[in-house]
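Chains here go by letter, A, B, C, D, E and F, matching the order in which they are written, and residues are numbered from 1 within each.
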Amino acid sequence: MKFAVLVNEGPYTHQASDSAFNFTQAALEQGHQVIRVFFYHDGVNNGTRLTTPPQDDRHITNRWSQLAQEHDLDLVVCVAAAQRRGIVDEDEQKRHNKDVNNIADGFRISGLGQLIEAGIQADRLVTFGD
Amino acid sequence: MSEELQSGIVKKFLYINRRAPHGTNYAQEGLEVALIGAAFDQDVAMAYLDDGVFQLKTGQDTKTIGTKNFSATYRVLGDYDVKRVYVERESLECRGLSEGDLMPLVYEDEDNDWEEKPLIHIVSAEEMQQIIDESDVLINF
Amino acid sequence: MLHIVNKSPFEKNSLESCARLSKSGSCILLIEDGVYGALVDSETNEMIQSCLRDRSVYVLGEDIQARGIQREQLVMGIEVVDYAGFVKLTVEHDKVQSWL
Amino acid sequence: MLHIVNKSPFEKNSLESCARLSKSGSCILLIEDGVYGALVDSETNEMIQSCLRDRSVYVLGEDIQARGIQREQLVMGIEVVDYAGFVKLTVEHDKVQSWL
Amino acid sequence: MSEELQSGIVKKFLYINRRAPHGTNYAQEGLEVALIGAAFDQDVAMAYLDDGVFQLKTGQDTKTIGTKNFSATYRVLGDYDVKRVYVERESLECRGLSEGDLMPLVYEDEDNDWEEKPLIHIVSAEEMQQIIDESDVLINF
Amino acid sequence: MKFAVLVNEGPYTHQASDSAFNFTQAALEQGHQVIRVFFYHDGVNNGTRLTTPPQDDRHITNRWSQLAQEHDLDLVVCVAAAQRRGIVDEDEQKRHNKDVNNIADGFRISGLGQLIEAGIQADRLVTFGD
């Protein structure tokens, strides 16, 4: 079965990103396909490579990056939400004349259309948020 | 748009708005999805319930708090192929509001000489149950 | 003491907790989505009435205007202040508790 | 249809709205702070009882364990699933509504 | 610490915890402030009310959800000069909990031959009103 | 009178940062002193220079930076909260071996002790959050 996952909250502050990760992992373990994980609202904050949580805590962003690499996941950060919250990839960096970018490995920034497309193509859309 | 999308899958999208405007920006970002969704030729409806009904309140003016006033955007929903806007009656009543407190949203009916028709349907909780249950893709704000 | 409530009483329990745990004679200010608690004819009316019995209740004018609420729609006895008045309330009261 | 509730019913109105707007025969899954809604002897007991009358109610085992809730403390009739069971529920039901 | 702080201002700090643990990390970040605050020689108390009482529940184990288990940290509160922990009875009862569901927190009383004394005081809503009202600095989590 | 302001929520998602800004401005206009604005929890996300909100919207971070410059405000971002959320200054960049930093003008990263110190030194602490 084809799943799409929507994550509306940033890392650590709310459990949403943890729950979405655990759900995605469990779905993959059962042989399902996860066609896209879409990060919206504060969820875009999962996609920065600049976090350094305490060493005895999980590294939420790295965990997503690794899962994406292992399962060829499509991790999409909403561009409109990212602009408001300061998540920037190379293209956005150039377009908005920023000196640096902060996107993490395995994440890409794209439009809201990617969420709607996921809703059309997936058999199930499961949302995690606040 | 990809080929698969043009192949004609049409799903019922329901955007469920349960939060008040301005205190958070879910309302604003929810509108953005609805407008962008128009390009995908899907069957799109909006549901307003709980504090979401406050989004449709007349007379909003955010100049005083310095945030973006997006309430005018609701008026263009009809132009973006959103033909059904459902508001739960119980949520209105619980908050001391009635239909007269809501912005009068309309759309132009292309099958009927572009006649202006009301976009808002006030529905009971039971009808809202049905609307939710009949939708294919539910996105919450 | 000044108590600030910024959440809608229809969605969250902040106003309810403030009503239960603020002392007689204290002052309550509704801001942001908390201003919906001042609406007349709503189901939370009784909560705010109980506050008004022995506490003063204010609502932030900038936030009611943003939300399209008219003064006539406020429960009687609630006073409207602007941000300058908000600052004055924090000066008049020796401490501030925000019921987030 | 599967309804997911992730907020404590003592703090937010999510479970209440889910109870009001989910159809008879549907399925409700409590996750994250939503699992507190499954506690027996609490003031929200009636809400969950009304759900159990014509809907099935599940609670995520990982989330009750994190919060120190024992199975004996759950309202009778609520079933416990793990993340694998959560995935199965989303497969069995043709759509998913999250009451955030 | 600055000179001004060493000059001896002592205020009553009250950390008010109203949220459940794990669903958000306010509980964890609230503990961090309380522990760091110990270095400032202020009069520090903790209040647990509403869903905050769930923070003190026995038997929490977050291995299953992969988040950090900080509930053991509550046991060291006494070592960090937090001498008073107030829990509102009404909040417990409304949630079907009683004192027996809470972790037994203690501190060692230096004025009394380091005798172990209970840290938790179950108080009524009226007493909690008073505790809040008598504090100087209120920080909410 | 001496005020301290605590901001617990990031920009745009919640009104908290807007309210805190409006309050701070009003307090300064009345001749009060604002000895510190402390950004905690998701509030640390106010301190990134990488946001580019739509042109017809307010720029929350720049607004704080400007107010800080005009009134010599002390804008402090909590280090523990910043590490979990990816807000990094030059020192943090070096310490955690990051390739870039993203702190905005006028903000500085420091410890939670700065919040307690503000609570001791200020006549009033006013909190804005979710």
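Definition applied: a residue touches a chain if its C-beta (ideal position, glycine included) is under 8 Å from a C-beta of that chain, and two chains touch if they have at least 3 such contacts.
All values derive from a computational prediction rather than experimental measurement.
Trainee: If you take the chains that touch chain D and keep only those that also touch chain F, what is left?
Mentor: Chains that touch both chain D and chain F, as defined above, are A, B, C, E.
Trainee: In contact with chain B and with chain F at once: which chains are those? Just list them.
Mentor: Both-contact set = A, C.
Trainee: Name the chain pair with more contacting C-beta pairs, choosing from A-B and B-D.
Mentor: When the contacts at A-B and B-D are counted, A-B has more.
Trainee: Give the label of the chain whose average Cα location is farthest from that of chain D.
Mentor: Using the mean of the C-alpha atoms as each chain's centre, the farthest one from chain D is F.
Trainee: Farthest from chain C by Cα centre, which chain is it? Let me know.
Mentor: A
Trainee: Once you find the CA centre of chain C and the CA centre of chain F, what distance in Å lies between them?
Mentor: Centre-to-centre distance between chain C and chain F: 26 Å.
Trainee: Any idea how many Å lie between the Cα centroids of chain E and chain F?
Mentor: Using C-alpha averages as centres, the distance is 26 Å.
Trainee: Could you check chain C for residues that touch two or more other chains and list them?
Mentor: Answer for chain C, listing residues that touch two or more other chains: 6, 10-11, 13, 32-33, 62, 95-96, 98, 100.
Trainee: If a residue has to touch 2 or more other chains to count, which residues of chain F qualify?
Mentor: 12-13, 15, 19, 22, 41, 54, 125, 127, 129
Trainee: Two-or-more-chain contact residues of chain E, please, as numbers and ranges.
Mentor: Answer for chain E, listing residues that touch two or more other chains: 22-25, 50, 65, 67, 137-138, 140.
Trainee: Every touching chain pair, please?
Mentor: Chain-chain contacts present: A-B, A-D, A-E, A-F, B-C, B-D, B-F, C-D, C-E, C-F, D-E, E-F.
Trainee: Within the complex, which stretch of chain E touches chain C?
Mentor: Spelled out, the residues of chain E in touch with chain C are 16, 18, 49-50, 88, 90, 125, 128-130, 132-133, 135-138, 140.
Trainee: Which chain B residues qualify as touching chain A in the complex?
Mentor: Those residues of chain B that touch chain A are 1-2, 4-5, 9, 11, 13, 25-26, 29, 32-33, 36-37, 39-40, 42, 137-140.
Trainee: In their shared complex, at which residues does chain F touch chain B?
Mentor: 12-15, 18-19, 21-22, 54, 56-58
Trainee: Per the contact definition, I'd like the list of chain F residues that touch chain C in the complex.
Mentor: Listed in rising order, the residues of chain F that touch chain C are 1, 3, 8, 15-16, 19, 22-23, 25-27, 29-30, 32, 124-130.
Trainee: Provide the residue numbers of chain C that touch chain D in the complex, in ascending order.
Mentor: 10-13
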